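Each of the next two complexes has chain A plus one more chain, namely chain B in the first and chain C in the second.
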Partner chain A sequence: MSELGIVYALLGAAVAVLLSGTGSAIGVGIAGQAASGVVTEDPSKFAKVLIIQLLPGTQGLYGLLIGFITLSKIGVLGGGLADLSVQTGLLILAACLPIGVVGLLSAIAQGKTAAAAIGIVAKKPDQFGKAMLFPAMVETYAILALLISFLAVSGIQV
Partner chain B sequence: MGNTKYTYAVARIRALETSLLTDAVIEQLLACPTAEQALQLLIEKGWGDAAAANDTDAVLNREEEKTWQVIRDVAPDMRVFDVLSYPKLYHNLKAAIKEVCTEVKNPHIFYDDCAIPGEEMMKIVESKDFARLPGNMPGVAQEAFETLLHTRDGQLCDIMIDKAALEAVRDAGQRSGEPIIADYADTTVAIADIKIAVRSQKTGKSSDFMRSAMAECQGVSVEQLIRAALAGSDEIAQYLEGTSYAAGAEALKESPSAFERWCDNQMIETLKSQKYETFSVGPLLGYLIARENEIKTVRIILTGKQNGFPDDAIRERIREMYV
Partner chain C sequence: MAVLEMQRISICAMKKDRKVILEKLQSFGALEVNHVIGEDPDFVRMDTAGQKQGFEKAAASADQALEILEKYAPEKKSMFSALEGKELIEPETGREVQEERRELLKTAKAVYDLDREHAEQLASITKLENSIESLTPWLALDVPMKQKETGRTVMLLGSMPGEMTLERICEVIAEKVPDAVGTDVHIVSAEQSAVYLAVICMKEDAAQVEEALRSEGFARPAQMWDDVPAYQKKELEGQIADCRQRIAQIEDDIRRYADQREKLKIVADYYRVRADKYAVLGQLPQSRRTFLISGYIPHSCAQKVAEYLTGKYDCAVDIEDLKEDEEAPVILKNNPFSASMEGVVESYGLPAKGEIDPTTIMSFFYVFFFGMMLSDAAYGLIVAVACGILVWKFPRMSAGMKKSLKLFFYCGISTVVWGVLFGGYFGNIVDIVSAKFFGRTITPPALWFVPLNEPMKLLLYSLFFGVIHLFTGLAIKGYLCIRDKKYMDFFCDVVLWFMLLIGLILMLLPSSLFASIAQMTIVFPAALNTLAKVLAAAGAIGIVLMSGRSNKNPALRIALGAYDLYNITGWLSDVLSYSRLLALGLATGVIASVINQMGSMLPNNVIGVIFFIIIFLVGHSMNLAINLLGAYVHTNRLQFVEFFGKFYEGGGRPFHPFKENTKYADIKEETLS
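Coming up: the complex of A and B.
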């Protein structure tokens, strides 16, 4: 049965990377469409809209971080697979869920907010700072999920 | 995930909104002593192009073309804009029927930037091949054509086609599935009905005439409007006070041009909230109407100045701006 433990743990790493990565791709995509719209008419705003477009990309990085920690914890990286019980495997899977699920949903929401914020930059470029804050607010919840996933994965004894 | 197909279009429109004329620019135009100077100011703002040079009409037409060009560029589905192109289409039908029936040729009476341009429309009407027309057009075209041939009553032909146009606009609005387009279409029909009532009252038309000219809509009740129009202009104002067009009643009392101005302002008012939308077709519609409104206002200022109208008379006709 001990083989199943490592499968669950690896599934956890996959969930963290898959979901948050998908969310970020969608989010950056939505913001990218808006950014292209603005740059079509006013190429001088490229740098500003690019920064806003990238904000929903962070969730993917958080997922990658959790995935990485999980992989090194269970020994997939660095050689020597750990001998995990099914229970421990499931614990690691559960620990990976917060960043996976919150990463997916928050990145999409952040992408939409970023698209709206790009609208602010299009009309009032001098309000760039304020425009950046709105999508950045969504980031808070992705960071909270990252924190819990991080603490949980690190806390589980292998 | 919601609908994000308008994200690109809206962002582009947002960038373009910065070049719409503001109230301050309109004031500047009004302050220009001559029409030439006003036109020069517009050209400095990027209006017209090299080909249009300093010709007022060419500059204004070029601006209208530019607007539609942008919308055609960005809109994922042009069908939602049928609401705006139908009036031109039906105008072409009307013009073609009259040309064929009266056998008089007039230059420049057709719109060429719609589904069926003038030349094609002439061919259809000449060959009486009305089945080639879209939507509710074949039936009304046939009827209007025969009416004009038999009665020689141009107005009767006009109201038949205008009513069909209003109905087509209303149906296209509902079909579009976009609340703001449906809203716009309904407002257009309601305002047209109110205008018909006001003018019919002034010229003493019968209830049958009004019934054959007005199209049903949600904003106003055709029957009540007809009854009010038969009773007098105060009754129209009184009826309007009970609808969402209450402010129109005020404008109606002031003067006919104040009423026309109110009609346009009402439309802009409906659309102003679209400036804060990011994922719907609303901002595209808003931009389109804002541009048309702006071109209309500039035309009023320029022709007013060319003909030496006093500033007050021009100012009374200035429309509210979108930005």
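Coming up: the complex of A and C.
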């Protein structure tokens, strides 16, 4: 037993939330710039572009999800820290990596796609359904990463 | 589940009935005008562009007047006004307004003129204010600015750079024009950047003095006034007050027209409808006494329209089926439940010629998957109740809006069902509240199982539902092949794939890989295992041999077949794509729990409870909004990419009937008489 185990585990939760949250913030920011441009020209498209702007925001939520599960698993929430070996701590850190890294990069990519999709809405508002789909394609990979992180974190025995 | 069958209707009637027949057809709104007749010496087309433009202009001017009225006397609108839809008016009201249409156009013109005058008055106020500004430095001057000279002296007015002082100016004059005695310099006012001065000197020195000052930056004022500046200012202010008064009056006048708003709306619509009518009229081939109109009409109302027209007017109506190569416009027709998903199909693309309408089959999967992704009974209830109330409260909302709300209503119900199955009610709010306030944790039991505790189980079910969804898509493709009598395609592209995929699945189930994922071992009898291998092998070989069948070259054919077999990875990724059912469901539940957890950390007193409620309301509304969006987007994706990818392309043309395309109000339909 070592005191570092819990530190690694908490670092895992931090990585999950930190990276994916950063990615989402950048992605939503990129899409928001495009959205603001459209609304300057035509304020009636506000609701549509807002929806598309929000799409890259989900990675941050996925990171939060993994972070939360990790926190409750290692007992940071609700008191009573679990006694973790270094190995378990590192396992949890590794389990958190997929959603952190994929969340970061996919949210940025999705933000760019969303900005382009907002361009579709600006020119052809009736193609909203299709415009929404392109950013959603990117998100698939964040979902896959979320899944692996989730299964790994919940599968590790503490 | 169908695309409405279209027919071509051609009507030949007397010119004297032209107006009534066109108006009737427009009010039926069942015909899309489409002429096949080419240039013909006996039939000419009228040039109606001028009238059409006139009506469009009239409609635009009424619209403009309405916009202006909205600016000065905004209509009181409820938050839900966008849902209310168009107003319904009595036919008599409509007729009365049509009688008054010329006066109403004059009203529109008057409103427009008043608005323009309003703008002009505002502009002149700005101008006057600028004048006052440039006058301000001279206010201390107590002689008229235009007063240039007396019998012997001259007054020079002007400004100099800010750093000049009285002494410096006197010095300059004394230096440069030493013999100009008796020159008197007054600083009228001084600011940071300029001093304003009045210089009085003898007539004969004036030119030299001015020259001397000019070398130091002296400039005459840009604008001179006749009067003493103080009086002048008063006068200008008086003018501004007049303008303001006039503006107030104009605003009052415009507001007085506010009661004409309803009529203006009706008249704007009236001109819009007439403009449409004239656009159609311009397309009609007409001989000396007759005219022709032809177009697409849904099979279901073709007979009715024909009977009505032949019964009332002297005309010949001909209904025929469409030619093979004709691409008819598309209307979808579905049962009331599935009809609410038509919007989803439309946003992907209407069925092209020869495709079936996928709406009905899709609608069940749609609602099923949507509920699974949101999977919280309380959220579902909120969505269903909100949409239900809106649909019920606003019966006249636009058709598209109604369909979307109904879609969410059904999805909400499905979400309630899944929430109960998975035991999600605002995440784990019941646990948290009972533990926090009653000291005893109560967990509402899940009817099926709790996804958070058994994620692998739900993952397998998600993939299982995905396989069903995908196989349904492939089966529809098979059905289409059989319908079109392409039996070879049916066997090669559908049956072989089914064999391969089912074989592979059957091989996977008893394997150790599956056992480790599902934590259960499935043992098949040996015969089934062999069958699985045979199916998979036969399917694979068949695909390799047959996929490139259109190619004569045997080597190329095999190569193409092998490439097609590679599509198995496509199937794998399609199936894995359904893992989002699990992931999004978990996201809703876990984030709801995070919100509840945050609330539960507050102290157990009055303030704590108030903050708990605030966190609860804000947190859950945000979670609901973002997950609703997620569920919607990803359900669409599963339908569009995975499901439609198997059999559907879209690309049909929507039906645009010749109808009364109004913007503000519909006139109540008169009974057919």
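Note that in this section the second predicted complex is superposed on the first by the 157 of 158 C-alpha atoms of A that agree within 3 Å, B and C clash if a C-alpha of one lies under 4 Å from a C-alpha of the other, contacts with A are read in each partner's own complex, and residues count from 1 in each chain.
One rule holds for everything that comes next: a contact is a pair of C-beta atoms (placed from the backbone, for glycine too) under 8 Å apart; a residue touches a chain by one contact, two chains touch by 3 or more.
Because the structure is a prediction, the values reported are computed rather than measured.
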Once the two structures are overlaid on chain A, check if chain B and chain C clash or fit side by side. fit
Contacts of A:108 with chain B and chain C, given as first, second, both or neither: first
Considering only touches as defined above, state whether A:38 meets chain B (first), chain C (second), both or neither. first
Between chain B (first) and chain C (second), which, if any, makes contact with A:62: first, second, both or neither? second
Mind checking the angle chain B, chain A, chain C on Cα centres after superposing, to the nearest 10 degrees? 50
Most chain A residues touched (candidates chain B, chain C): C
First, second, both or neither for A:128, with chain B first and chain C second: second
Determine, under the contact definition given at the top, whether A:26 touches first (chain B), second (chain C), both, or neither. first
With the two complexes superposed on chain A, say which partner A:151 touches: chain B (first), chain C (second), both, or neither. second
Taking the superposition as given, does A:140 touch the first partner, chain B, the second, chain C, both, or neither? second
Report the closest approach of chain B and chain C over their C-alpha atoms in the superposed model, as a whole number of Å. 9
After superposition on chain A, the chain A residues reached by both chain B and chain C are none
Show which residues of chain A lie in contact with chain B when the two form their complex. 26, 30, 33-38, 40-42, 45, 108, 112, 115-116, 118-119, 122-123
Sites on chain C touched by chain A in the complex: 344, 346-348, 452, 455-456, 459, 576-577, 579-580, 582-584, 586-587, 590-591, 593-594, 597, 626, 629-630, 633-634, 636-637, 640-641
Give the list of chain B residues in touch with chain A in this complex. 1-2, 4, 7-18, 74, 278-279
So in the complex, which bits of chain A are touching chain C? 51, 54-55, 57-58, 61-62, 64-65, 68-69, 77, 127-130, 132-133, 136-137, 139-140, 143-144, 146-147, 150-151, 154
